[in-house]
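What follows is a short report on a single structure.
In order of appearance the chains are A, B and C, and numbering begins at 1 in each one.
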Amino acid sequence: MLDHKSISSSELIQETFRLAKQYQDLNCFVTMNEDRGIKKAHSIDQADSSHSQLSGIPMAQKDLFCTEGLRTTCSSKILSNFIPPYTATAVQKLEEAGSIIVGKTNMDEFAMGSSNETSYFGNVHNPWRKGYVPGGSSGGSAAAVAAGIVSAATGTDTGGSIRQPAAHCGITGLKPTYGRVSRWGMIAFASSLDQAGPLARTAEDCAILLNAMSGHDLKDTTSLDVETPDFLASINQPVKGLKIGIIKEFDLGDLDSEVQARFEESKNLYEKLGAEFIEISLPNISASVPTYYSIAPAECSSNLSRFDGVRFGHRADNTEDLNDLYIKSRSEGFGEEVKRRILIGTYALSAGYYDAYYKKAQQVRRLIKNDFEEAFNSVDLMMTPTSPNTAFAFGSKGAQNPIELYLEDLFTISSNLAGLPAISIPHGMVHSLPSGLQLIGNFLQEDKILNAAHIFQQNSEFHLAKPSMEDF
Amino acid sequence: MDQETVRTICYLARLEIDKEKSEKIENDLETIIQLIGGLQAIDTSEVEPLYSPLEKTALKHEDIEASDNQKEKFLKNAAASNKDYFLVPRVVE
Amino acid sequence: MTWETVIGLETHVQLSTKTKLFSRASTTFGKSPNTNVNLIDCGLPGVLPSVNKEAFYKAIRFGMAVGAQINQTSIFDRKNYFYADLPKGYQITQMDLPIVLGGTIDIEAGDGIKTVNITRAHLEEDAGKSIHDEFDGYSAIDLNRAGTPLLEIVSEPEISNAKEAVAYMKAMHQLVTYLDVSDGNMAQGSLRCDANVSIRKNGDKELGTRTEIKNINSFKFVEKAINFEIKRQIKVLESGEKVTQETRLYDSVKDETRPMRSKEFANDYRYFPEPDLLPVVISDEEMQKIKDEFPELPNEKEIRYQKQFKLSAYDAQIIASSKSMADFFESAAKQTKNYTLLSNWLIGEVSAYLNKELIEINESKLNVDNVAMLINRIDDQTISGKIGKTIFEEMCINGTSPDEIIESQGLKQISDDGAIEEIIDTVIKDNSPQVKAYLEGKDKLFGFFVGQVMKLTQGKANPTAVNTILKEKLKK
């Protein structure tokens, strides 16, 4: 919440742009919104009306959200010149709540990646260590918050793309229940998995942002027609008696000993606060990664067909005919990972393979969802590490074998498949890099995971740690 | 995945792979196919596919016009257009 | 060698909803290019479709009328392919679970009525339009039509010749216009069909290889295209070759079908359920409302016309066979009591004119007020039927009202007995040789005298009065 007595919106936004310039080596922004941003700050300062919680708050918007009149690229060459004629609902709601768009953040191209190394505009650096990945795909947003340029940002999460960069950057990130936030204006990667969500330093700030972003949207048939509760209302509930599930099938014994240690310490903290841990079984959860990598590429192969060079975006020169135009424009415009996923998706949907890959995956998806439903009969929420590893050096993973990077999503992917809300909060360092703790909630129970996250943060200081930024 | 299949799916997706990169891409695809092929081992007989996490049905809207036509803006975004149409290389039917 | 033809028809019916299937852009025909285009129709990044309920209601009305099974829960699927007028690179259609399944339609076939089975009918969005020869080196894309709701109706391959195909299309046309499902305007593309044609030796159980002739948009072309294709396939098989399974287009200028170039490469459409739309459910209440508001069908109208307007069965059937004609009749019948005269004119002069111009009554310059007025003027003897025909011609060309034409051209019928008697006296006086001949038995000359009276009155004399008075005067 901005204290308008101690600092004006205009002062704050100027400071934000100054920091963005100072830390431009992070490469977290693709497009800045200086003129309009400063104008809006000025009008907020002039306005007589009482200020809302987000009034005048500078926000970084992931470059996957259409913003009217402001370039939107999805960090892809194929959209490097795209100016949308409309604004995404989630962003519009945040703007109506008073926030100011600082700029569009860098990301993995079309949200496909777990390290922000596939962007057409270059890698984003982890503010904690130059030359290291911030996580992905919402790497730019996470870095901007972690570096202190902004206190709030949006991201999107299809397989972990909010939670995992939040973990790698030492901040808090929330993926809401599927359907909680409208997908209108959110450039689609995998329609049945994508969700927009907030990134900030604390669970409390995420709750404020989620309050503003959520809501039924008639323009999005997949948005839930439910009342948005006040996510702050129950955020201070004590966690005594809270039942937290530990997933049996996630064998943490293979993880780095420091990662295991942080997890144990967090478990101890919750136990000290009165929570109870129960072992639960999700028998099909180890199938999450192959299931996801059948469904997401399939949906994306279809969603990305509209990028054909005809009505917007990059069009190749010197093409002989329509097919040539398609092939050259798309091949020039898309990066390797995107092409890989389109090809896998095309394959998984093609005649003769549909049943074995796409349909099969959707069947296993139901089994995974059923497992969660069953397990939530005995627990309030579940806890896992957010990621098996911490941030790693550019180019050190996935170059030889793409599956290496896919396995980074091991803990986060299943909640996307089941449509469940999940949050990542910082819970300490591992080899001097941030490590994240994930809490998964039941359908529409963001309030429970925000509450548990908030109480953890009331009783610890990990979320207060800031990188030194001396390399930037 | 044989060459023929790769060529077919590349054409269906209107993508071409550089000759130097083609072997790596084919290997990558092969690896990923193997990964997702692992699902075959799971028994899903009698299981309905879950195409969306939501167990709800579609909204239907009224048949009333609500236009957000921005013809100039739409045409301006295109790489080739005139004042009325999007333009592409001539198609022969 | 006798050959047997097997034809299956896929009819694409553009629904007469005000807005598109998945967006709220208008569907009005004839707008300037790319103006009936919303963000959704343009396939911009980040947009999402949403379902137009009226499209479903119209589809269900069709299903109910043909006695089909209505799937109250139906699903949309994506059909993936690339073409310049397909903005998203996929068409949203219904594959596994369409809204309508089964049903039958009766058609006039040679010696009676034939019942053709319908396989299914589903909703899908139309594509935009490509214009290939207007801009040098370019094809121009107009997305006005993109997203317009289509009902694709698939028949079983039970049609045996081109004439039956036309009858089927005509029956389909009548049904969809009657149900207010579509305006059926083929010139504007509201009704088109793809014909699947194959031939086999008489008595063979197996179907021959079929070809698909796409996008035929008139009854005449349906007949010609199919006849050409049958001849072509027979020629191919009789020369010992095989028919290639392919998609063809009908060229109306050359009166031939030829293979479509763009379909060379076999397309795998990779159908999968549309994740942006969930299953569409039509409630029992909605179903009941559709039933309650069900419009009157042709055969019900026939019966009512016989009762209410005392038309003959034959006349009732003709008037009722076309919705636009039936609507016209009923509106005009509010302004005149001589229903028989009205229906005679509609079936006679009006239909002859419409057939000559190949238009529907609602596409002509004739309006209800004018036609009713014409009937009334004949009925009240202001003009004769013959003069009426002259006036009618003028009405068709300029849309002027009969009263205006009668006034400006002085066409009022002379019905005053005194005036007629005077003229008849003149004719008798001036034609004494013929009078003599008539009185001596040449009865045929009566028509001559009538003709002379008409000549002197420029055709305006009331024929009945002329006959009566002339008979009196020429009494032998």
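Methods note: contacts are C-beta pairs under 8 Å (C-beta built on N, C-alpha and C of every residue); 3 or more make two chains touch, one makes a residue touch a chain.
Remember, it's a predicted structure, so these values are computed and weren't measured experimentally.
Of the two chain pairs examined here, A-C and B-C, it is B-C that is joined by more C-beta pairs in contact.
Seen from the C-alpha centroid of chain B, the farthest chain centroid is that of C. Per-chain Cα centroids separate chain A from chain B by 22 Å.
Centroids of chain A and chain C (each the mean of its C-alpha atoms) stand 56 Å apart. Each chain gets one centre point, the mean of its Cα atoms, and the points for chain B and chain C are 39 Å apart. Across the assembly, chain A contributes 82, 85-86, 192, 218, 221-222, 301, 308, 310-312, 322-323, 326, 346, 350 as residues in contact with two or more other chains.
For chain C, residues touching at least two other chains, in rising order: 39, 42, 44, 50-51, 80, 82, 84, 139, 141, 268, 270, 272, 275, 277-278.
For chain B, residues that reach two or more other chains under the stated contact definition are 8, 12, 14, 51-52, 54, 56, 58-59, 61, 68, 74, 80, 86, 88-91.
On the side of chain B, the complex with chain C involves touching residues 8, 11-12, 14, 51-52, 54, 56-69, 71, 74-75, 80, 82, 84-93.
Considering their complex, residues 1, 5-6, 8-10, 12-17, 21, 25, 28-29, 31-33, 35-40, 42, 44, 47-54, 56, 58-59, 61, 68, 70, 73-74, 77-80, 86, 88-91 of chain B touch chain A. Residues of chain C touching chain B in their complex: 17-19, 24-26, 32-39, 42, 44, 50-56, 73, 80, 82, 84, 130-132, 135, 137-143, 249, 260-262, 265, 267-268, 270, 272-273, 275, 277-281. Listed in rising order, the residues of chain A touching chain C in the complex are 65-66, 72, 74, 79, 82, 84-86, 88, 183-188, 191-192, 218-222, 298-299, 301-302, 304-308, 310-312, 322-323, 326, 346, 349-351, 354, 358.
By the touch criterion given at the top, residues 82-83, 85-86, 178-179, 192, 218, 221-222, 224-225, 284, 287, 289-291, 293-294, 301, 308-315, 319-328, 330-331, 334, 336, 339-340, 342-344, 346-348, 350, 356-357, 359-367, 369, 401-403, 406, 417-420 of chain A touch chain B in their complex.
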